[in-house]
Amino acid sequence: MRIGEVAGNVWATRKVESVRSLKFLLVKPLDMNLKPTGELWVAADLVDAGAGDRVLVATGRAARLAVGDEAAAISAAVIGVVDALDMGRNK
Amino acid sequence: MRIGEVAGNVWATRKVESVRSLKFLLVKPLDMNLKPTGELWVAADLVDAGAGDRVLVATGRAARLAVGDEAAAISAAVIGVVDALDMGRNK
Amino acid sequence: MRIGEVAGNVWATRKVESVRSLKFLLVKPLDMNLKPTGELWVAADLVDAGAGDRVLVATGRAARLAVGDEAAAISAAVIGVVDALDMGRNK
Amino acid sequence: MRIGEVAGNVWATRKVESVRSLKFLLVKPLDMNLKPTGELWVAADLVDAGAGDRVLVATGRAARLAVGDEAAAISAAVIGVVDALDMGRNK
Amino acid sequence: MRIGEVAGNVWATRKVESVRSLKFLLVKPLDMNLKPTGELWVAADLVDAGAGDRVLVATGRAARLAVGDEAAAISAAVIGVVDALDMGRNK
């Protein structure tokens, strides 16, 4: 799993049926200095996250478990909004 | 999942039986500035996407769920065509 | 699987129900010189690891097997704390 | 999935029983300019590909579906030999 | 799957129960020039490989199939020791 920052929303009208009711977010994974790595991920939103939020992103079957629908054709989901983190000893 | 840009089509006559009826697209994943990362992915097309379209790509079992065939030997699929995205607050 | 160094803790109050009881760690994967690669991973902690510990991180279903809950929406877990390693012949 | 170029063969006498009858290929994944990325993958060959062929590589369970043996301990397979590709509009 | 070079051993006394009997190796994945990429992987050893050996590494469920224990919380395994490889036409 990765920690990322929500970059914004993405909309797709033409999509496969099983993902029709899901909201998708653009997420920038963060590096060990908590800066964006340059990558851009897409993840289903289960926790009502918004732009600028730091979030936890799970991939694979974990995403479908988060959605509660094993038939949803997704492979990434936001599973939590980060409140705080502590990297003191290693910075 | 990643957001990518469809680069074009790829054809393979000699292939495993379970993927015979599928159409494959070449997709360039995009970085956080919406520029191609340099990578080139191949994904089964379920939404009739075309060159230049921005698309959502899911991997693993999600691809087989999108195809509706759990026995298809694929590990990536285009699951949606992007209509719009909003990265305002983070650009 | 990767070997990483625990960077610290991450807290998320708003999260999906199935991960509510889990503790999450920030982990920096190490390169072949045992230096952090720059990436930052998040993994469920099953072995009571702490900041600075070198740990083994498994991904995918292995993480849910480690947790002992196949319904937990996670895709990475710390499965062991490294006591020693031997890279003598290849350094 | 990725498009790659077959680099050659790899032989392993001492291997786990479930992969004993499989032929393994070395494959270089290609970037968006169709040049090797520098990585080197290993994939089971199901389509009788040879050095220099451009091929489609699927990962994870898709590889075992391609082999037709869900118990084979492999996580990548060549599922097709590329005949042609069209990247005209994006070059 | 990747081809890698065994860098050495890694020991973890405090680990999840299901991996207790496994031996873990540090493996450096090789690039297309057969040089280490800089990454360091950890994989369960099923073929009694040793430092300096070139090996095939499978990930995900393939690792558990190699171990013969679908409940083992691992996501990578060494499935074969490389005897020879042929990259003549592409070097």
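Order of writing sets the chain letters: A, B, C, D and E. Residues in each chain are counted from 1.
The criterion applied here is as follows: a contact is a pair of C-beta atoms (placed from the backbone, for glycine too) under 8 Å apart; a residue touches a chain by one contact, two chains touch by 3 or more.
This is a predicted model, so every value here is computed, not measured.
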Quiz item: Which chains, if any, touch chain A and chain B both?
Solution: none
Practice problem: Could you work out how many touching-chain steps separate chain C from chain E at minimum? | Solution: 1
Practice problem: For the sequence-identical pair chain C and chain D, determine the rotation angle of the Cα superposition and round it to the nearest 5 degrees. | Solution: 145
Quiz item: So what's the Cα centroid distance for chain A and chain E, whole Å?
Solution: 30
Quiz item: From the C-alpha centre of chain A to that of chain C, how far is it in Å?
Solution: 18
Quiz item: Which chain C residues sit where two or more other chains touch them?
Solution: 60-61, 63
Quiz item: Beginning the circuit at chain C and going via chain E, which chains come one after another?
Solution: C, E, D, B, A
Quiz prompt | In the complex with chain D, residue positions of chain E that touch it | solution = 1-3, 29-32, 34, 37, 46-48, 56, 58-63, 65-66, 77, 79-90
Exercise. Spell out the part of chain B that touches chain D in their complex, as residue ranges.
Key: 5-16, 18-19, 24, 26, 28, 36, 38-43, 51-52, 60-61, 63-64, 71-76
